[in-house]
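Structures follow.
Look for subunit A in each of the two complexes below; its partner is subunit B in the first and subunit C in the second.
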Partner chain A sequence: MIGRRNLSIGVRTLLALVLVILAGFPVFWMINTAMTPVDDLYSNNQRIIPDFSRTLNIFQVLVSDSPFLRWLGNSALVAGGTTLLSLLLACLAAYALSRYKFVGKGLMTFGFFATQMLPEALLIVPLYSMFMTLGLLNELYGLVLVNTAFAMPVAVFLLKSAMDTVPYEIEESARVDGCNALTILQVMFIPLIAPSLAAAAVITFFDGWNEYLFATTFIHDTSNWVASTGLASFIGEFTTPLDMVFSGAIVFTIPAAIFFLLMQRKIVAGLTAGSVKG
Partner chain B sequence: MASLTFDALSKSYGANTVISDFSATVDDKEFLVLLGPSGCGKSTMLRMVAGLTDISSGTLKFGDDVVNTLTPKQRNIAFVFQSYALYPHMTVRANIAFPLIMDNFRWWHHLPFVGSLMRSRLLKRPDITAKIERTAEMLELTDYLERRPKALSGGQRQRVAVARSIIREPAIYLFDEPLSNLDAKLRMQMRAEISALHARVQKTFVYVTHDQVEAMTMGTRIIVMNEGVVQQYGTPAEIYSAPANEFVARFIGSPPMNIFAATVRDGLLYVDDVPVLNSAGWAASVVALGLQKVSLGVRAEKIGLKSPGESTDLLSIEAHTLVVEHLGAETVVGVKTGPVGATVDVGVGASRGLHYARIAGEEHFTTNSGCRITFASDAVHLFDPETGTRLEH
Partner chain C sequence: MVSAIPQTRPARTKKRVRSAPYIFIGLAVLYLLFFTAFPLLTGVNLSFTNSKLLNPSAGSYVGVDNYTALITSGAFMKSVYTTLIYTAATVIGCLVLGTASALVINGFLPGRAIARTIMVLPWAVPTVALALVFRWIYNDTNGIAGDVTQGLGLGQVGWLIDPNYGMLAVVIATVWKLAPFVMLIVLAALQSVPEELYEATRVDGADAFTTFKQIVLPQIAPTMRVVALLMTIWSFRRFEIIWLLTGGGPVDATTTIVINVYRQAFNNGNLGLAAAAGVLGLLLSLIVTVVYFFVEQRATKANGVES
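Right, the complex of A and B next:
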């Protein structure tokens, strides 16, 4: 019996290890490539263990040869703005969809869903013309708006599902206690759906952080570039400094990873336990 | 002054009428119980009083004020939900204080961020803290003030819900089956606590339940409802001793009131073709009412059981025992009319037409033995067999 259990644990550990390697190898290779001089990358001197002595050097080159930190800051602004605006609007929309009956509710839900059906590339031309008319071209808040338009519906669905699980009695009790709709949303719903809010924050943040197509189309000024556009610009027509590209990729990954780790701690279930007798 | 007046109150969902033409007046400081089986509309009625459900037609008054269009907050009520509805992300202290804090909110306190700042400031205000402490002490919650609801037992959660309702000292207290999630022992304890609370606060209570024991023990007035229609409104004693119809008669009392379908034949009453001895006077009364058939209602405790041959000058019907439940202080005997073997006594048929007698614990009966049901004339309630309404005799 114990032998079979050990075997089962062994098989599961092995499978987990394979998955970790599959997922982790690209990250390892990114670090390894960043630490290897470009000449060595195309020779037989390929290294398996990254040469960490070059760490400081390559980041220095990255920062001095390009405004990468500025681009990173722009990315943070766009991603942060997208997250805040998306969550703000999604909370209001999800609350209305979850708790109110109104004319056009079905159509509105379908409208949110429809935004996810259209590929971004299809909308780029009309959006460009719209941005030009409204003077949003080359502006970071323009990117925030367009990213929000695509990220918010996902957040709405996520938050609406979470709000549907909040017992009606809690809302009614708050009404008896004197809360208006906005207070109920702030004081009752938002704390109770915090895990889903964190999940929605992760999704919308990455939507803004990783976005490339709109950023490269709508932002022309180099100083207003976001990190994804900047990173792609390292790829030259004749030469590509791969060590710089990959060290940029590392720097690009770190803030997103930190944000994810921070949010992950909030994504816990069971917050409504004890409110109503189940 | 918070008397309650229901004037032809109705509630419909489309073509489906849940409550029709509900009229009653409840005096100030009464403990009104809305009693009825599941789905009879009693919770809907309570929610209409609270302002959580719209009133389709009719008028609802608190004192002299029509409150039909007022919000729950404007009605100055407290509502204790069946499921407690505590705020899970707040401590017991914050839960209890919440109505009081909201009372002190100005319009701009409802704005984002301002609200949370004001809530934590108000929670520390000395007069509010004192009130929380006093309420918590009253309900023995002082040791749990810093806990979250999930760390409390069912009874404690129930007490937090009650504490939250009383802290604001509302004009009317509304309870929606607040004890149905508790075990039997705790329910008894909480029943006493809620009754004591009513005596202490001296306000109007409206309490919804399907449990007749709660209704009889706590209420000063009871409204019995069925299918959205008021069946009877009166004191517990009136409802028990003079039920307005067969439904009330059978709904109140455990075991329910025995209803014998009697027919007048040859100057006597017959139940299931078995003659009711000494019923000549009753038969004449029924005929005088212009009826040939009548329902005789007799409470289980008013029924005596005698051996088949024993003579009696009470009304009596030949019967046989089917179920004998010894409960210690008393024995409940299930009987059917007619001699042993006269009726189908297996499967579903066994419980059909069963009548109950509640007799002293020391009297012994065995199942499937012949007996006589006896009852005094003054124990009989007469009901119209067609409409079920009470017939005065």
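Right, the complex of A and C next:
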């Protein structure tokens, strides 16, 4: 039996290697393409080893020849705004769901979950005319408002399950001391659920960072574009050199990749908490 | 305030029915009502009109005309069929590949931490970046996918221009991005399977497949069902990967319901028709969710009391 287990480690290592190559290849290819001179990309003998000596040069070209930095800045603004607004609303809602019983609680929980089901493509038509009326088209904070609607419910579930683990005794003593619920939430809960709050921040930030559909439909001025719209605009046009396109894609991917990898377990918990426990 | 503090926990939770929870949750609820429920109702309302994009308020009510037009049109029914194919392929692909990856990576393995990180990586890549790199990989003259198929003697495959391959190309890209998500969830579930269960079968001399079927699968089945539901709902509404890779093409091969909705609204300007298609798509998600909860309840009953 021990032999079988050892053998299976050999087989598993081999399978893991195959999976690692499959999973890693497109990312590797993104890097490789960015590091290859454009002429070589269209020749018959493509490089399969990135030419890292081009790294500095290619990112310099990206920054000077396209408004990419500006787009990245816009993405950061939209994502940051989405995070702040989502967490503010979600903290309060999660506290109510975790600590109170009230009429309509089940319905509201279902309502939060149901937002996961709504196709953006259906909502975008009425939202478009709504934003037109309110003068929110072409504005970055318009994107913050709409992204929050989709990101916040996930944060609510994540924070609620974190708050559920905080013992009642902790707030009991505070309550005896005459603290009101809002103070308890601020002073006692927030520090205790800090890791989950960080995970929620990452999820909501990258919801705003990665979002494309609303950004491309609502924002018309190229100066107000976010990085996802800017990058997507390179698709299907041949005027932007591919190495530049892919260096942009790398810059856009790196922050998302790092934070997602650091927070993967918490994020999975958050994304499934609503349906598993709600 | 002190007098309001009840002595025991059950009493406390009952007595605390006051305005506080409504104020706390109210902001989020009002926000969602305004930015999702209200547009949703407007959308449903639009679906009964013949509104156009250029002048949305000038439409008049046409009853269920849009719905009858859709249901009797071959194009819409084909988009329903395309959605079902896309959903089935991505959900099955992600579940199989994700579960297999989790089984491979679960337990001791040399270089496990690095392997795991690389295997999760696709999930962290933004969809727009994914679309850029896959379009380049699938490129019909210089893409590496073409080099591979030529090397295998299959000839040059027009991944994104041949209607026979468009769906496959989109499904591969989707599975690449989302199988890691399934892997993470299944991995978490696997790690809660008690080690003694493995020990028991090992003593019995069971092979790996029997162990999986008899011991592991029943333990992770509830998790798999939740993941299957989430993946299905997400597949019904997934827009960005398909739109950025193929735009619904080649020749409508990947035009799912949501792609249909978007094109109808923003390319053809038929808001009413687009809204009706969107409502039908939403109904499909609702049906799946209801079926899921029905199945889940029966499973819970069959297993006796379970939380």
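FYI, the second predicted complex is superposed on the first by the 227 of 278 C-alpha atoms of A that agree within 3 Å, B and C clash if a C-alpha of one lies under 4 Å from a C-alpha of the other, contacts with A are read in each partner's own complex, and residues count from 1 in each chain.
Following the convention adopted for this analysis, contacts are C-beta pairs under 8 Å (C-beta built on N, C-alpha and C of every residue); 3 or more make two chains touch, one makes a residue touch a chain.
Source: prediction; values computed, not measured.
Novice: Between subunit B and subunit C, whom does A:L56 touch in the aligned arrangement: first, second, both, or neither?
Specialist: Neither partner.
Novice: Between subunit B and subunit C, point out the one touching more subunit A residues.
Specialist: Touching more residues of subunit A than the other partner does is C.
Novice: Kindly classify A:A93 by the partners it touches after superposition: subunit B alone (first), subunit C alone (second), both, or neither?
Specialist: A:A93 sits against subunit C, while subunit B stays out of touch.
Novice: Looking at A:P167, would you say it contacts subunit B, subunit C, both, or neither? Reply first, second, both or neither.
Specialist: So A:P167 only meets subunit B here.
Novice: Considering only the touch criterion stated at the top, classify A:R265 as touching first (subunit B), second (subunit C), both, or neither.
Specialist: In the superposition, A:R265 touches subunit C alone.
Novice: Using the superposition on chain A described above, determine whether A:G178 touches subunit B (first), subunit C (second), both, or neither.
Specialist: The answer is both, since A:G178 touches subunit B and subunit C.
Novice: Just to be sure I read the superposition right, which of the two partners does A:Q186 touch: subunit B = first, subunit C = second, or both, or neither?
Specialist: First partner only.
Novice: Residues of subunit A that sit at the subunit B interface in one complex and at the subunit C interface in the other, please.
Specialist: Comparing the two interfaces on subunit A, one with subunit B and one with subunit C, the shared residues are 175-176, 178, 180, 271-272, 275-276.
Novice: Applying the document's contact rule, which stretches of subunit A touch subunit C when the two form their complex?
Specialist: So the residues of subunit A touching subunit C come out as 1, 4-5, 8-9, 12-13, 15-17, 19-20, 22-24, 26-27, 29-30, 33, 41-42, 46, 89-90, 92-93, 95-97, 99-103, 105, 108, 111-112, 115-127, 129-130, 145-146, 148-149, 152-153, 156, 168, 175-176, 178, 180-181, 206, 209-210, 212-213, 217, 228, 231-232, 234-235, 242, 245-246, 249-250, 252-253, 256-257, 260-261, 264-265, 268-269, 271-272, 275-276.
Novice: Inside the complex, what are the residues of subunit C that reach subunit A?
Specialist: Answer in residue numbers: 1-2, 5, 9, 13-14, 16-17, 20-22, 24-25, 27-29, 31-32, 35-40, 42-43, 46, 56-57, 100-101, 104-105, 107-110, 115, 117-137, 141-142, 144, 147, 176, 180-181, 184-185, 188, 202-203, 205, 207-208, 226-227, 229-230, 233-234, 236-237, 239-240, 243-244, 257-259, 261-262, 265-266, 271, 274-275, 278-279, 281-282, 285-286, 289.
Novice: For subunit B, which residues count as touching subunit A in their complex?
Specialist: Checking each residue of subunit B against subunit A gives 50, 52, 71-73, 77-79, 81-89, 98-99, 102-103, 105, 110, 112, 115-116, 119, 148-152, 154, 157, 164, 181.
Novice: Okay, in this complex, where on subunit A does subunit B touch?
Specialist: Residue list for subunit A touching subunit B: 167, 169-170, 172-180, 182-183, 186-188, 191-192, 271-277.
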